[in-house]
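Labels for the chains are A, B, C and D, by order of writing; each one numbers its residues from 1.
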Amino acid sequence: MSKNQVTRRGVLKTGAVAGAGVALPTIFTASSAAAYTNEPTGGTVTLGFNVPQTGPYADEGNDELLAQQLAVEHLNGMGDGGCLNTFTSKALKGNGILGKKVQFVTGDTQTKSDAARAAAKSMIEKDGAIMINGGSSSGVAVAVQGLCQDAGVIFMAGLTHSNDTTGKDRKKNGFRHFFNAYMSAAALAPVLSKEMGADRRAYHLTADYTWGWTQQESIAAATEAMGWETVNNVLTPLASTDFSSYIAPVLNSGADVLVLNHYGGNMVNSLTNAIQFGLLDKVANGKDFKIVVPLYSELMAAGAGENIKGVLGSMNYNWQLDNEGSKAFVKSFGEKYGKPPSNSAQTCYAQVLLYADACERAGTFNPCGVAEALEGFEFDGLGNGKTLYRADDHQCFKDVLVVRGAQNPTNAYDTLEIVEVTPVEQVMYAPDHPMFGGAEASLGECNSGA
Amino acid sequence: MDAIILQILNGLDKGSAYALIALGLTLIFGTLGVVNFAHGALFMIGAFCAVTVQRLLNLSFQTVDETQKDFLGNPLKVDTPYVEAWFGPEIGAAIIDWSVPLALVFAIPIMLAVGYAMERGLIKHFYKRPHADQILVTFGLAIVLQEIIKYFFGANPIQTPEPSALKGSLDIGLMLGFDPNAIIYPIWRLVYFTFSVVIIGGVFAFLQFTTFGMVVRAGMADRETVGLLGINIDKRFTIMFGIAAGVAGLAGVMYGPLNPPNYHMGMDFLVLSFVVVVVGGMGSLPGAVAAGFLLGVLESFASTTWATTTIPGINQIIIYLVAIIILLTRPRGLMGRKGVMED
Amino acid sequence: MGILEVKNVGKRFGGLQALSDVNLSVAENTVHAIIGPNGAGKSTLLNCLVGKLIPDSGSVMFDGQSVLGRAPYEINQMGISRVFQTPEIFGDLTVLENMMIPCFAKRDGAFELNALPAVSQQKDVVDQAMHMLEEMRMADKRHMHAAAMSRGDKRRLEIGMCLSQEPRLLLLDEPTAGMARADTNNTIDLLKQIKQERDITIAIIEHDMHVVFSLAERITVLAQGTPLVEDTPENIKGHPKVREAYLGESA
Amino acid sequence: MLGLDKKDTSLLIIVAILTLLAPFILNPFPAGSAMAQFNAGYPDLMQRFVIFGIFAIGFNILFGLTGYLSFGHAAFLGVGSYSAVWMFKLLSYNVIPAIALSVVVAALFALLIGYVSLRRSGIYFSILTLAFAQMSFALAYSVLSNPKFNLTNGETGLQVYADDPQIFHRDSLPDMPHLFGLSMRSTYKLDIGAWSFDFNVGYYLCAVIMMVMFYLAIRIFRSPFGMMLRAVKSNQQRMNYTGLNPRPYTLAAFVISGMYAGLAGGLMAAMDPLAGAERMQWTASGEVVLMTILGGAGTLIGPVLGAGFIKYFENIFSKINDTILHQWFSFLPDGIEDFMVFIVHPFIGKGWHLTLGILFMLVVIFLPGGLVEGGQRLGNWLRNRGKRSGEAKTKHEPAE
C-alpha cells in the first residue's frame, strides 16, 4: 500500500533519501502526474458533504446529510429503493461511481462563509474529496463555489436561492439544482394574481442582505408586471429576532398584502408576529388581507407552526409531489429515517446522483469532463420531473411548486399543500437576464486543478 | 400621531422584555457583584420550560387508524394526548391550549432550582475572582447550556402558542378615537407588557417593603457593613440569585408565544441586555428598567420607514449607537453609581 | 515665598463646604504637617494639590506655576510625589520592577513608546532602581511580588518609589495609619533619614501626634475646612484654639 | 541572541522549530490509516493555526498585559481582510501591498475605536468595543454592500472578479494571491512510506510572519513599554501619581493589538482571497478571547497554543461523524458499540461546541492560567514526584 502510494503519485525517488521523494511544486494538492485535483486512484472515491451542523440551520443541515448518506447507499448498491429506476439516465449501475466504492466526508459550514470554506478546504486538501455538495445559504454557496472553482473540484450547491449563485457569481465548476428567487417570483406571480386579484397593494419586509434584496427585487418586478403596486419595502436587520415594530405599521399603510422576504428564523418570527397582529383576519381596501412567503422550507413551516395556514409560497420540491421518482425517493427516505424528505434534502440527494451519473457518462472524475456531461443534460426522475441543467449558467430548470399552508393538516408532515405546479416554461429566463449579471456574467474556464 | 402612539406602544412592549432580563442581570450584579453572561441562557431555559410543559401535556398514545394513510402509505398512527384521554377531549384540549400559562407554575420551582444550583455550584467560587473571569466562566456556561438544549430540542424554533382565548389583536386606535386599523396591537403582547410591569413592580416592592429586601438593598450598598451586623448576607444573596433566575425564566416562558423559542435566543438577547444594563448604569435597578424601556422605544422608532429612509441602516446600529453616546456622555450610564465596575 | 502656595482655596460638595478660604504656604526644604480632626478637609485639600480634585475657587501654585487643571501625572512630573494612606504599589509586579517604573517616568516623561529594548538593558534605570532598593534595605527582596510583602515593606517601597523620582515636594497621607508602634517608629526614622540626606520638602497629613511632633518643623491645623493656626510644633502644642479644636479631644 | 535573554531565545527557537516542522508534527499518522483523520497537517488548517496565532498574540498584548478585555477585536481582523481584498481588486494579487494596507487600515481603525473606547474601563470598555464591533458587522453585512456603494459585498463576501482593474496584474502571474509570482497555494507534497506531508508556500509565509510577530511580542513583553502595560493592569492610580499617563499606553497597546489583528486578517485574505462580514461578528471576537484564555492570558506562548487548540477542534473534531464513531468502536460487541457511540455522540461532530464550552469552563475554573499553567503544574507535579521518590530513596538508604 505504502509503496504503491509513492509510485502512483509519480514521485521521483532520490538516492539520498531512501524511500522518500519530493513532488514537483503544484497548485493545490494535485501532484504532477495526477490529471486533476484529487484524482481517485484506489478502489474508492471520496465525496465531501458540506452542511451546517452547528448554528440555527443545523437541523436543515442534518436533513441534507441524511439525504446524502442515502444517495451514497443507493450509489454503492446497498439497495436503491427503486429510485435509480425512475431516473432516465441509466448510466449508474449500483456499483459506486466508475466502479469505485463511494465514501464521504462531512464538514460543518456553520452557515458562515469563512467556516464553510475552511471545511471545504479541509475536505479537499486533507481527505481528498473529489467534489463538494450541500449547504444551506446563498452566501455559503457562492463562497464555496468560488473555492471549488479555484481548487479544481466540482461544487454541487445545496439550498441556495439567491439569483447570484448562477447569476453574477456563476462558475464553470459550480452547479445549482435548487431554484432561485427569480423563478419563485415568476411562479408565484400568476398564482397570486389568480388567488388575490390583479389590483393588490403589496408591503414588503426584506431581510437586509444580498439574498433579501434579490428576492424582493424579483417578486416586486413579477407582481408589478401583473398589475400589483408595491406600497413600501422595509429592510430589516438580519439579526432581528422580533419584527413587531416592522409589522405594526403595515395595516395602516394602505397595503393589503404583506410579502415576507425572509428566510429561516427571520421568516418564522416575522410570520408569527404578523399572525399575532391578526393581519390575516383583517380587511384592507375592501379585500381580505393576505401574507406571502416567497420561499418556504419544511423546517420553517414546522417552526412557524399553525401560523402558516393559508399563507402562499414557493418550493423547489415537496414530498407530496405525485410522480414516480418522487414516490420512490420518499419511500426510500421515509423507510430509512421515519420522516419524509425536505426540499433541501431532495436537492442534495439529486445532486449526488446527478454528479455520479455525469461521471459515469463522462467516463472520468475529471471536473472538466463532469461539467461537460452535466451541461445541457436533460433528465427525468429523482423527484422533480423533467429537468434541464442549462449549459449557459449551470442552473437547473424544472417545474416550480407553489404551496400553501394547509388548513387542516392530518400529521406533522402535510402542513404544506401544493397549490400549483408552475411549468418550467413560465420560469425560464435568458442567461444574460439583467437580474443575473447581464451580459457580463460568465462561467469562466473550467478548472481541473491540473 | 397614531403611528407615533403605535411605535411607543411597541417600544414599551419590546422594552419590557429587555427590562425584565436587565433587571435580573442587575440584581445579580448589584447583590453578588457578578457579571453573569449566562443570564440570557436562563431566559432561554425559561422559554424551554414552556416547550417542555407543552411536550408533557402532549404526551400521547398511538392508535392505528386504518382509514387514513401516513406519508408512506401505511395506516396512520393517530396520537391522542393522555390528558385528552383522562379529562375528556374538550377539557384536555383546553389544558393543552393553556400550556404556556401553566408553564409559569412549572417554571418557578425549576428556575429557582437552576438559579440555586448555578450560584452554589459555580458562581459562588467566582466572587473573589476578577470580573473578566466571571464573564468568561459564565460565557462558557452559556455555551454549554445552549448546546445541551440544542441537543434535546434541536436547532429549529418550536412554537409555544398563547391560549386561543388570548390570540389575535385589539384595535386600540378605535378605543382612542382613531380610524379602524390605525393602532392594532396583539393581545398577548399587551399581556406580556402587563406581566412585566407586575413582575418589575413585584421585585421593587419586595426589595422596598420586606425586611429581606431591606437587608439585600443594604448589602448592595455596602456588603461588608451588613456582614458585620451578623446577618448572613450570603444566604440571602443566593436567594436573590434564584429570584433573578426566576425573573429571567418567567420572562422566557411568557416570551414563547411572541417569538417561538430556539436554542440560541439567549445569546441573541445577551449582548442587547448587557447594553441595556450598561446604559442604565451597572448596579442600578431603576436604571436597568428605564434603559430597557428607553432602548425598546428607540429601537422601535429606528425601524420606522421614516427613520430608515432618513438614515439608511439606522435600525441596524441604533442600540450600539445609543450605548456609545450614553457611555461617552454619562460615564456610568443613566443611573449608575460611582466606582462600580471601573476596576 | 514657599515652594507650595495655596491661596483662598474653596471646595464644595453639594451642600457641604469641604474647604473654604484655605491659605497655606510650605517653605522649601521643610517638613510641614497638616493636622486636624476627622472631616476637617485634610484629604480634600491634599486631593486639590495633586490634581484629583479641582477647587472651586482660589489658586494652588507649585514653584511659581499653577497646578490647577492639570492631570495628576502632569503635577507629578512637575515634582510632587504622593504617598497614599494604604500603600499604592504595583502588586502584580516584582519589587525591582516597582522601583524601575518611577525611574522610567523620571527619565522618559509621561509617555514613551519604548517597546523594543529589553528592560534589563536599560542599565541606567536598573542601577538607579537597585540603588534605591539598597537605600530602602530591600534589595534582597527585588524578585519578590510586591503584593506578597508585609505592610511595612510596602510602605517603604512606596516611599522609595516616590523618592526615586527625586521630587521637590513629597506629600504623605497618613503614612503610619494602621501601623504597629515599631513600624511607625521605623517609618519616622526613615523619613528623618530621608530629610537629612537630601534637599526635599515634605508635607505630611497625619493623625498620629507622635509622628507629627517627631517630624514637623511647621504645623497647620485645619478645622471645618479652614486653617485655624499655622506655627511651630512648640507653639501649636500650647495653642488654646488647637487644644480646643483638636488636642483637647484626643489628649 | 537578537536582544533576548537565554530563556526567551530558547522559547523562540522552540516555536521556530515547531512551526517550521509543523507539516511533519501535525501529520503523525499514515495517510491511509484510521487515525489519519486526526492529522492536521494540511495547508488550510496549518495556515489557520499560525494566522489565528498571530491574532491571539496581538490580543494578548492588550488583554494579557493591560487587562482591558476587548470584545470587538474581530472588527480589526475583518477590516484587515477587506483592505487586503481591495488591494487584490485594485492593484494585483501580490500579497505584499495587501498585507501592508491591512495593517495600516486596521491601525487607523483601532486608533479611532480605541481613542473613544479607552475613555472608559472595566466592563464599560468591553461593552463599548462590543458595540463598535457589532456596528461594524452590521454595516459590513448589509449597509455598506448596497449596490450604490458596495464596499464589502455583504453576505457573499468581498472577492476578486474578472472585471476588477488589477492594474499591475500580468498574464504571467498566477490568478490567485502570490508573492512575486510564487503562488500561495503551491504545495510540495512529500511522501515517505505511508506518510504524506504538505509543504505549502502560504503556510510558510504565514509561519515566518508569525515568528517575526512572536519575536516582536517577546520584545514588547520584556520592554519598558510592556512593563508599563502590566503596571496599567496592576494599579492605574499609582501610575497616575508616578507621572505616567496610562491612556496613551493603553491606546498604544490597543493599536498594536489591532495591527496584529489586521495583519491576521490580511493574511487570511492572502491565503484565501475572500473577506466575509461574519469574521467581524462579536462571536468571532469571543473566539479570540477563548483562545487567549484557554492558552493562558499574559503568557507568551499561551495564546498561540489556545489558537491551535480551538482551530483543531473546529476543523478536526467537527468532522467526526457517527459513521466514523461506529468504525472506531466496531471492535466492541454490537450492544456496547451502540452504547459507546451513544455516549460519545453528543460531544463530537456537530457537538463540538458543547465539548469546547465544557473544556473552556474547566480551564477558567481550575486553570486560570490556561494550558500553560496546566503544563507548568504537570511539570511541577512530575518533578515533585521525581523528587519525592528521590527523597524517599535517600531517606530509605540510611536506614538500610
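Operating definition for what follows: contacts are C-beta pairs under 8 Å (C-beta built on N, C-alpha and C of every residue); 3 or more make two chains touch, one makes a residue touch a chain.
In UniProt terms the chains read A = ABC transporter substrate-binding protein; B, D = Branched-chain amino acid ABC transporter permease.
Source: prediction; values computed, not measured.
Should one ask which of A-D and C-D has more C-beta pairs in contact, the pair is A-D. Each chain gets a centre from the mean of its Cα atoms; the one farthest from the centre of subunit C is A. Distance from each chain's C-alpha mean to the overall C-alpha mean is smallest for D. Chain centres here are Cα means. That of subunit A falls 33 Å from that of subunit D. Distance from the subunit C centre to the subunit D centre is 46 Å, each centre being the mean of its Cα atoms. Centres computed as Cα averages put subunit B at a distance of 52 Å from subunit C. With each centre defined as the average position of its C-alpha atoms, the distance from subunit B to subunit D rounds to 35 Å.
For subunit B, residues that reach two or more other chains under the stated contact definition are 313, 316. Multi-chain contact residues, meaning those touching two or more other chains, occur in subunit D at positions 138, 142-143, 353. Counting only residues that touch two or more partner chains, subunit A has 58, 208, 235, 237, 239. If the chains shown are joined wherever they touch, the resulting network has some other arrangement, not a path, ring, star or complete graph.
Going by the touch rule set out above, the chain pairs that meet are A-B, A-D, B-D, C-D. Across the complex, subunit A is touched by residues 30-32, 37, 39, 42-45, 48, 138, 141-143, 145, 147, 153-157, 159, 162-163, 174, 176, 183, 185-194, 196, 198, 201, 268, 272, 274, 276, 278-279, 314-315, 318-319, 321, 323, 349-350, 352-353 of subunit D.
Per the touch definition, subunit D reaches subunit B in the complex via residues 63, 67, 69, 116, 119-124, 126-128, 130-132, 134-135, 138-139, 142-143, 146, 282, 286, 289, 293, 346, 351, 353-354, 356-358, 360-361, 364-365, 368. Residues of subunit C that touch subunit D in their complex: 50, 71-74, 76-77, 81-82, 84, 88-93, 97, 100-102, 104-106, 108-122, 125, 161, 165. Contact residues of subunit A toward subunit B in the complex are 55-60, 208, 232, 234-237, 239, 241-242, 244-246, 248-249, 251-252, 265, 268-269, 272-273, 276-278, 281-282, 284, 299, 302-307, 319-320, 330-331, 334-335, 340, 410-411, 413-414. Within the complex formed with subunit D, the residues of subunit A that make contact are 1-2, 5-6, 9, 11, 17, 19-29, 31, 53-54, 58, 62, 65, 69, 105-108, 112-115, 117-119, 121-123, 125-127, 137-139, 142-143, 146-147, 150, 164, 169, 208-211, 213, 235, 237-239, 440, 442, 444.
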